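Chain IDs A, B, C and D follow the sequence of writing; residue 1 opens each chain.
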């Protein structure tokens, strides 16, 4: 498939929204040449944000990950995660009490920041009525940090005993772990549980436009900006590109991640999800 | 199910978002007593907007519908329809050319307002390559105004011949027509077509948060307002209530429409969609 | 993709089950060379049956279609349609009364053969309680013979007024009409209605094993035969091949219909539906 | 809901098919009075079979479970499990080599009986090409006997590396474990994996008619029998009743399990799955 140079496109925009995995980094580390990309953006005064379906770590830790690899331009306030939307929800709708969660202790950061008590499902005792009574909400945060055999069943029976709102802080059903291998993401586990309990969960993350709206609000605090001055860059048609299109942004599909160069044309054709541009990667080399 | 008085609740908010059908009107006309409701809101200086999954008519015509029934408070700028979001999408992403549509001539208003040429599917000739080449986008607007036997198949074969983005301007799969009867809504037809062509369509309408965001932007032009100062009122858990909750609003389920008094408790329990309040209706008695 | 000669494979079996469309015929008429195929099968004493997801016409008419094109080997008793399974269901479960249907008058043959009264949905008057009371069952037979705009909505409201079992006599959601074009099949319309009314319909047709069981019973009346002596031949992985595999038959995917030579390998890989053999067509050249 | 006496109904049939859980036993042990039921059936010379979506144990062990509780009428040959259909599939389609599985060692009985090598996913090393090469098929047998965190991801990556047919030996997505609690069944895990890998699995178990056909074949070896002489008894509309209806059997819904007396009428109404009879339980008291 014929691609265009990212360098030539990006200069026409005031702000760039980047997906993280498959665009800026992969299982081996940083995508080649992205240090130069951020130099170039800084030089031209183009603003940028990272929009990631990730609730496993706080924005601080996510930014630190780039910093350790030598990219100092990506600071905490540049990183916007689906976990932050879950946190905003908890703040506005739950207000007080205990929030039960599936995930690592690290991921529970998003609940704590909302000013709420956290309870990992592993410590929940369903036979203690008081435990069940205290829980105001359940959040699916991360696929790690709990025993799937025990804790998934515990979650199901918690939801059968008490009616509460349920939040899924990452819509992805899987994520890449090596060049060849993937793993079930917490969104995949949440889909299975939703099917079994028959209730309706609240999901945060691309392609939902709330993620893009959240980024736009941040970007507008830096400068006056319209949607047609923003470029969304991603490697996945089903999340980054359709979401960006729906929100009214111009979109770039990069071929450095999920969508392989040999399949790109066929995938665009078969899904009907059409990016404004296709680039090999974000390298400006 | 125990309900609370709408009058006592609404006074604690600066702005109200109302669903239309089942809340303000039904198949017989206006819901009893809503003239007094708007008087009350005006008296207290509470702002309000109508959020409707309806792309069959323009906001002007929708407002005129209330006007004719004696409610003069609902002016054009108070009415926000899913069709307006589709129009915004067309404006920002399509820019020029012809947009094909399924719906009435009236509903095509949303395409015209975006400054684009319209082509009803009925006049499309798939064998004229020029016809097919000119079409930049397809929009599902309304279930009326076309011959389902012919035009649904024509739409399917158009999408097989040319890759284009497809917009569904109303996510509902059915709508009430009398006390007992319902009809297939354009969203239901779009679901069938999407299944058959295997592509991914772009949908506008509640429960998607874009609808709420659109209303918030309007409301913020009138006065400085936060999400916790807005009340969303609807008769349907799956659209009005879950959408309002997700967006961080307080929500009222009214029992004057889709959700019957005898089922409300069971439906809240089985779906896990929990409104902040339940009221019999929006009448302020 | 490397293919093998159908002639060399088929001789190892006692009985062959053929799909019709894409295997024996297409939009232009008979697949090239199938007259010789049936001569060859007759010569070798190999028995054969046509298994088709088609309830639009009776087995007599379906057989006559081949006869008119010069294939006299395909007699009425060789043709097994999903409509016949629907008829068996009606015979055993409905026994008496009126059966409402969507489809052509021709397709209503299957209801009449079950000894039941037929009522096309077009003549149903929902306001006559007696009409509604008489109906014992609803059958989706064919996409032709009725006005979609009116009659689909009538079906939905019939099912809301009276609880009855609903039969879908063809599971396919679309079918080919020319080299390029397809049309919505009655199974696609049934899916939309099922979604809207929220009830569970009973479907007949491949890949459901009932179709294969029905054919096996017929074949065993001719000769003693085991499943491993039967070859299922089809052009569609999702119906013919997965169904045949599940029933324990050896399967041949032919590339003369739905599955194109250039996509076959990728489709087998991506679906995990693996035919025993792949042949260009059933021609024995 | 008005119910009829099982005793009065069952005497009109030659053979009875019973679901196990919720009909003959529950989490506490046997359903009250079923010893008398089997005495009654034996007295009248009515034949019976247990049809169960269970691949966790062999028919011998399942029968032994009843024997230990004092019901000696249920012998091994009376018990038909979805695992046996999976075994038949493996026998006819796989023939030789290694079959990988998720489940307990006990459940692997079904693979061994098919004359095949078994490999629990826990012992699979994806990095040993030889391991991957040897595997001919994957079977989902039971939710116990493996580490969900590790082994579900291993299964996903196995299916990405090698194309093979995948069998799900139990279609249920959950099962009851106490009066209040349920657990994820292996069918639920299989659904999640199928979603993630995008392939099509082969499922065995009610409501699929293959289960009923399998039982009919057994029953016909004992005596000449037609479908209208068989009564299917179950506690679940979605599996026992719709499956039995589709196969042309008369059906009894019992209210001693999944379907509670207070919900039965509403559930029949909302699903459109209509049993021939409703009984409190199979007790003939």
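Structural remarks
Following the convention adopted for this analysis, a contact is a pair of C-beta atoms (placed from the backbone, for glycine too) under 8 Å apart; a residue touches a chain by one contact, two chains touch by 3 or more.
Keep in mind it's a predicted model, so treat the numbers as computed, not measured.
With centres computed as the average of Cα coordinates, no chain lies farther from chain B than D. The two sequence copies chain A and chain B touch through a face in which the numbers common to both exceed half of the numbers used overall. Once the centre of each chain is set as its mean CA position, chain A and chain C turn out to be 44 Å apart. Centre-to-centre separation of chain A and chain B, using mean CA positions: 28 Å. Look at where the CA atoms of chain B average out and do the same for chain C: the two points lie 40 Å apart. In chain D, no residue reaches two or more other chains under the touch definition.
By the touch rule above, chain D contacts chain C in their complex via residues 88-89, 92-93, 159, 163-166, 197-202, 208-210, 213, 227-228, 238, 242, 245-248, 268-274.
Interface residues of chain B facing chain C in the complex, by the touch rule stated above, are 126, 147-149, 152-153, 156-157, 160-161, 173-174, 180-184, 188-189, 191-192, 195-196.
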